[in-house]
């Protein structure tokens, strides 16, 4: 698994804020095109890859991993050369202070500064950080100078390189959801009984958008969503608020704000894990939402499950995961894909009448599979 | 070494107030390239001595502190997470989601984590988080953590300085490694000049904890003139315009009751005639710098305060303009060479 | 009719776990309709074939409940909500899990103000003395529903889960009466309405009917101190004008009014300011499906003891029977 961890680290250094996923997509495509049967990039930028199944049931399983990350956008250049910004996706004010960023396609370096404590009024000292007052400083003297390097509308990402530390831990930006992308790239190397559609989707962080159109094109019977999820296994948190725990295996969602997952499918994943001694856990809080919610209500319905790597400090530039959880997620997902067609969960699938997958691979990009 | 490169190198050193000994050797070696003698006192102040050419040389003492703010470990929990308190003036609002280095038995990388929004009850959302409620995550369990970390270990922030537009550098500890870089600029400049006085260039300790190093340095060295180099606030939105100074407009020369009027005026005159960019920094009080110590050390050392404007002080992204650092060093060196005699 | 209502309301079926309800309904309608199928979300679709218009009638099978999120070392259970649960209304109620285990909902008495009695300050007690003992009966992820028996009194029914088993009962009864018409009728028993009108989306996509009605409960305005609303118990089923999720299609609404007036069936007009129904999902499916609703006025919605008037239920069946023939 060494290789896939290096792949993950490289993926986290690429920039792909919701709406500008191209650098991530290009990288993924350059790797997978040699081992998938076909692929397509749709109007929104979703990358849909296809691996024909060895069986002839005609059943389709969609594997979803969103490529986008949370980030910022320059909304105004002040006369003093500082850049005003808004967040894309959910980022809290308190994690933005004192961070390094890259602005625009050229990756112009900047920092998000903050009023020094010496100059704060007492009300400011005891209050919280006001997101609207934060600005990005690229060192420009005035607006004119800043405009030579950056523009309003430029996307901004956190500029942090991955660090291995502690006991098998990895810190990097965008673990949500480069863990899913790396895992999916690895899973697509295999060949399974059912037709597999590996969907690297866009715009999840701004409302689960890419998944809607991708699932519409694929019309899957089942879907497995690969994600990074909240983890706050820090002391003094009441255990029920921890959501998931690092090092206890990939987390399976029973219910969150977007979806109640398919019970049979989730049970099957859990029992597969138990059979093969792969650690797993259930996500304990019902907060958050994933592409599963959008995919489940596509067409005449899809049986969905979510497998996620617990990530501490998700949606910050310093998210942390346990490498073993990542490795176990891939192992478990692979085992599920290999044994799912024979399971009880799958038995009822062939009675489902799904509309056919819209012909994906007519002409745009990739070879057509005969 | 060129100033920008030097400042980046200095910025990457971890020398939290009270534990400057980690960087002492390297700074001593740096001074050694330009000085006749380098001494390190009991508190780890590094003093480089450059002898003057005069018959009866006076002495000039230039100080710039090399400690930085950081954190101190106050507890190690069962789960391996570390409790901590500030070491120096750290703003809890400025350290969320921040990478750090815990100086235990070895240097351990860690992260100051933040609570995810779903765990913050609405009543708390508008209040600042207290440092006692924050934790450092070093990715180890309780047992391993206790082997490698002890209560009292220091923690420094991780953010190596990075170049931005207009020769600006942003990173942690520009307060006051830019002052130390200015000290080196002084030494470089003095090589080209004739100076009568013996010059003592001192990188001092524990300024952030109460100007501590300055007390011993000014006591041990009987100086006729003191020059203090520190940072002052750069211009930022929403801050009082009379307490902030634009970057890139040169060294800020302080004027005020505890500073030597004679020497300060002479400095300003020199800056004008040598065309070194400068600004005036009105300091009506103690200045909050080592100048306050120089002024009343022993029988009193007439002192000049030269400051480098720095934005976002006491955060991990303190920003200075390298041109200002060079201007500071140049002005100080030239004044030392041609200073007003008593 | 009462027995049907009692059977349906007492069957376990929180959002996402409607299987038992679907099985019960399938058992009742097997052989009485031309086709019965299920989709991936568990919707039960019963078709009475025909050559005329395609009409979809939807009633949701799921009821609100709670989901176990954590069991502490003393055996106390922490939970989250499945669907809309008003915190103060569930305090002190009993919940029952699929395997029959009963629990009591209580709160951390140390909180200073009842306003802060939110779900995260509550817990369920099943009488276990430790986590181990509790886990023999209940696991993280298990869902519980409220306990509330079904009784008839003064011509009214008091029960838990009348939302929306009463709608299901109406549809079952309608299907059993085998209305004579050329129209193709889809009796659709949907899933996961309470968590976001989800099942109806896929059911509608699979049918694409010419028009659709949601059969659900609606609020009323005739108890002390309630928000003003023109609907009263016993004065007839409502014809939906508007709820939070949809404005009923005028042609559907008019067709319902005509069916009611021509056949002298009492009805009321429904303008519901809170709450949505399956119609909200159905009408924006595919290319758009003209939708409306017929609702049973209900008191104490989302409590363990809701109340409806039997006359409204019977008139709702009559009204729908006429509507599907048109």
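For clarity, chains are labelled A, B and C in written order, and residue numbers in each chain start from 1.
The criterion applied here is as follows: contacts are C-beta pairs under 8 Å (C-beta built on N, C-alpha and C of every residue); 3 or more make two chains touch, one makes a residue touch a chain.
All figures in this text were calculated on a predicted structure; none of them were measured in a lab.
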Chain whose mean Cα position lies farthest from chain B: C
Most centrally placed chain, judged by C-alpha centres: A
Chain centre separation (chain A, chain B; CA means) in Å: 41
Inter-chain centre distance, chain B versus chain C - centres from mean C-alpha coordinates, in Å: 68
Centre distance in Å when chain A and chain C are each reduced to the mean of their C-alpha atoms: 35
Where chain A touches two or more other chains at once, by residue number: 241, 285
Interface hub residues of chain C, defined as touching at least two other chains: none
In the complex with chain C, residue positions of chain A that touch it: 221, 239-241, 254-255, 260-263, 282, 284-286, 296-303, 348-349, 351-354
In the complex, chain C residues that touch chain A: 15-17, 37-41, 43, 67, 69-70, 72, 78, 80-82, 120, 140-141, 192, 195, 198-199, 201-203, 205-206
Interfacial residue positions of chain A with respect to chain B in the complex: 78, 80, 82, 90, 92, 94-95, 97-100, 108-120, 125-129, 133, 135, 137-141, 145-146, 149, 160, 163, 165-169, 171, 230, 232-237, 241, 243, 285, 287-288, 312-318, 320
Chain B residues touching chain A - in the complex, by the definition given at the top: 77-79, 81, 89-91, 93-99, 108-111, 113-119, 125-129, 133, 135, 137-141, 144, 159, 162-168, 170, 233, 235-240, 243-244, 248, 288, 311-317, 319
